[in-house]
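Two complexes are shown next, each including subunit A; its partner changes from subunit B in the first to subunit C in the second.
== the complex of A and B ==
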């Protein structure tokens, strides 16, 4: 009996999480594809088959909204890595442990404050009457307040990047910190210059963290509704806000259709990712197996 | 000659090393500023007597006093804290088990991909899927449905954090413990747990904060109950930004920082 449990241990450990994901994630999302074809009723929808929702999707401007969301996500990923990686590297490799630890708590702080509140705070910093514009005008760098600071793509990207920066710093820091010091020493002993050591040892070993970080940022940017709504202004729509607005008029099949297209795109990206990168790398690094 | 050259190289590398560190420090300070700047301004602004988004000359706490008369806001805050703690308590063990199981499987990539899936799906799609699913099966929306959404959201993050901390653990150490007569449990508690503890704490903190901040999924499965983010957003949408919103923001910032300092203090003192 004990032997049997021990042999089955990995499966038993996996079971609860797999069950939760199947029942509350895989099945509802799979069903979303079906709901997109159901006919709409006045307040809800009924089982059946119609292409009405998809016709509506492709005949209105929603395709452009979709592509724009993809672009915003990619830009956010790149900017977050540019901002976050050097910091994670610095904290993980070049700072004394206790200083690094204190600094990481500083990075947690904006995190435990609701993103809605953090996003709102950008509004009064960036607005026409906001502190940044007042300062710029006061110093005389610009003659009149800059309009593009708020309710623009700039402000949305700024909101998305700052919201997801801790998502970058933590996984990258974790992966950099777990690199064995002796590997770096060995590289130096073999005559590699610091930059070479970074390029040939540190960077490749931190890639699992970078991948994790990119995933985190991409999804935050893609599925976010509050940030584009608060910083993009009324005309600014992303996939997230277009689903919300469709739900506002109780068009559930159309919401499901837009949602299905989003899910399908993510599945394609996921397939490409799995094809090009070995997910096993995430755990086989450093000792394990 | 050779010795001089070596010394020169050493001095050069020492100088450049310091410069490199200084550049990194400046960069880090800039990034920290970018993250904290908006938060730093909320507190003075929340004390403006006329409720304007300016730095006040005569700060006042009126708006804070008003907060405590708003039952709906306080209950939203209460719901958010409850959900955060519940999510943390459900997600952390679930993530730990899943990570431990994954490590012992042959086809790890498959499981990693599966557990990461919720992260790849737009929040609004997950929320919509759950909301319609619950409606079709006659489950009414409540704190429990929000808890499910929050666990789904936090599980991949907690899982990857625990897995990362396990990745750097040399499993041979555990085998050595078996050879020395330790059973599965003792080997885990004495050898592996100390190593992965930061990962578990990180997973717990992440779960709480992800739940506390979640909006996109929560919005569609919340039913009549408000969490702090949904309350604040619907208020801003209906009434615009009013001074109490600044006050609630200021209050969250103060409470969160205090909590964080306490946690930090506990962690640091327990290590020494």
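== the complex of A and C ==
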């Protein structure tokens, strides 16, 4: 009996985590998926099966909102990685540890204030009377303030990328920091130039961090509502604002359908990333090096 | 419509819905769009309070009245009421958006949480038809007859009643129009300023079909640009026509943005991003406090009229007589001088006529300021307009077409 328990100990230790995931993640998601097919009543919905919510989703402009959110999220992931990776590399490989920790703390600092206030602060920088426009006009680069700096797709992407940067820097920094120095030294001893070492050794070994960062940024950007509302201009819509909007008229099946499509999108992307990046191999590399 | 009582099973499944959708999409916590004219919405979806009424004992006992409202109606200090009755008040913030409010009442077990709900009125039809509210016995309110009677029109009655019964006690009154910076625009006397080429790119409208949509309908109807039978409760084709007009404006670059949230509205004008904006009057007060010259238009098309109301929640288990009496005392206290003066001072909105008398007799409040505000809002109601429609018959079409405007 005791031996049987001991044999099953690893599984038993997983039980609390599995239970939490089941109760707070799997079951709610399954119910969301199910509700997307339920018929509406005046204030609620009733068990049944109808494709009405999905028809509404595909027959109105909500598909365009979904595609726009998808595009913005992918752009945010790419730009966040382009900007965040070099910072993470520099902090992880080039700075002494105490300086690195200090610098990482600086990246966290803006996040101790409300995201709304942080987002609003962009308005002071990018607005017609903001510092950037005033400087550009002052030094004669432009004759009048640039309207597209604010209330545009540019400002939304800027807001999303800057809000996402710590979610790139930290996981990538962690993965780079765990790379064994001897691997890099071996590469150099074998005659590889620094760029080749980076491309053939550092970059592949940091992919688990890149993978995690991509997911963090994508999910955050896809569901974001405050940044598009505050920086996006006339009714800039995302999937998040679209769900909020239909909840306002108590269309729960449509809200559930949009959520289900969004979740399905994320799961498909997760699957694709796992497939193309060979997730199991990456995790073992990241954790076992 | 038959009275319907949500079952325990429904509470469980509906509560799970909120959790599911929240889990389903991180960050999906916007402030919605059903929000009308409160100038400072708590907007948290309204789970409020500690869930216990603490005062449902036998007759003669005292306890706590659970008061769920938007920030505008929170006096902050309820000691005057407590001194008079011995009952304490627990204020908690609720959402002003009809959909969120209905959800919190139906799915969130609101009947067991609140004694009184105080959002902007006009949403008693769905709340009452779901059996969530009690009718108000106005004979039990000593101050009822001394109130402003602006609700005694067909539209005003719609704002507080359902099927001929009164469900809402109006406590705060206002007429909305357009804020503007006169130094940039000159005097504005029409909603047409929102669509004037001269201010292209320097205009903002609220991201809300029950305010910006209705004002646009009033404008189009008044100037015979569209044939709209009733701007406050449009048919689907009328909503479509209004939104088509707004899309045309948006695509021509007329709007700098569509705003939501009080602070956002203030900052748009304070930062000089817009010079004309469909918004609440407290935005103008806030701009003036910052030393910015701002005005609130007297529109030829009339104001968008509204009132905040107290709804009496119908609990699952009947209140004890003492508790019910205290709740009515609280409603009556809302119609009396101290509360009226306090809310007018805090928000700049008109409350009840006793506020001016109370301010004159005490040193607590600035009588002149309160009188000015009350007289200003009275002029608005006398000039007239249309009452805001918070729960239009074709609300699905409103939402769908408004989404079209956002996407354009």
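By definition in this document, the second predicted complex is superposed on the first by the 274 of 289 C-alpha atoms of A that agree within 3 Å, B and C clash if a C-alpha of one lies under 4 Å from a C-alpha of the other, contacts with A are read in each partner's own complex, and residues count from 1 in each chain.
Definition applied: a residue touches a chain if its C-beta (ideal position, glycine included) is under 8 Å from a C-beta of that chain, and two chains touch if they have at least 3 such contacts.
Treat the numbers as computed from the prediction; the structure is a model and nothing was measured.
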Subject >> Overlay on subunit A: subunit C relative to subunit B, clash or fit >> reply: clash
Subject >> Contacts of A:256 with subunit B and subunit C, given as first, second, both or neither >> reply: both
**OP:** Pick one for A:247: touches subunit B only (first), subunit C only (second), both, or neither.
**Re:** both
Original post:
Now for A:58: first (subunit B), second (subunit C), both, or neither, which partner does it touch?
Top reply: neither
Original post:
So, A:274: does it touch subunit B (first), subunit C (second), both, or neither?
Top reply: first
Subject >> Which superposed partner A:236 touches (first subunit B, second subunit C, both, neither) >> reply: second
Original post:
After lining up the shared chain so the two structures overlap, which partner does A:219 touch, if you call subunit B first and subunit C second: first, second, both or neither?
Top reply: both
**OP:** State whether A:148 touches subunit B only (first), subunit C only (second), both chains, or neither.
**Re:** neither
Original post:
Looking at the overlay, what does A:29 touch: subunit B (first), subunit C (second), both, or neither?
Top reply: both
Subject >> Dominant toucher of subunit A (residue count), subunit B or subunit C >> reply: B
Original post:
Of the stretches 94-102, 202-210 or 238-246, which one in subunit B hits subunit C?
Top reply: 238-246
Subject >> Common interface positions of subunit A, toward subunit B and toward subunit C >> reply: 24-25, 27-29, 31-32, 35, 44, 120, 123-124, 127, 129-130, 219, 222-226, 229-230, 239-240, 243-244, 247, 252, 255-256, 259, 262-263
Original post:
Across the complex, what residues on subunit A touch subunit C?
Top reply: 24-25, 27-29, 31-32, 35, 43-44, 60-62, 64-65, 120, 123-124, 127-130, 147, 150-151, 219-220, 222-226, 229-230, 232-237, 239-252, 255-256, 259-260, 262-263
Original post:
Can you name the residues of subunit A that touch subunit B in the complex?
Top reply: 6, 9-14, 16-18, 20-21, 24-29, 31-32, 35, 44, 83-84, 86-87, 89-91, 94, 98, 101-103, 105-118, 120-125, 127, 129-131, 162, 165-166, 170-171, 174-175, 178, 194, 208-209, 212, 215-216, 218-219, 222-226, 229-230, 239-240, 243-244, 247, 252, 255-256, 259, 262-263, 266-267, 269-270, 274, 278-280, 282-289
**OP:** Please give the residue numbers of subunit B that touch subunit A in the complex, ascending.
**Re:** 13, 17, 20-21, 24-25, 27-28, 31-32, 34-39, 41-42, 45, 53, 80, 94-95, 97-98, 100-105, 108-126, 128-130, 132-133, 135, 148, 151-152, 155, 157, 159-161, 163-172, 184, 199, 202, 205-206, 208-209, 212-213, 215-216, 219-220, 228-229, 232-233, 236, 241, 245, 248-249, 252-253, 256-257, 259-261, 263-264, 267-268
Subject >> subunit A contact footprint on subunit C (complex, rising order) >> reply: 10, 13-14, 16-17, 19-21, 23-34, 97-100, 102-103, 106, 126, 130, 201, 207, 250, 255-258, 260, 263-264, 267, 271-273, 395-396, 398-400, 402-408
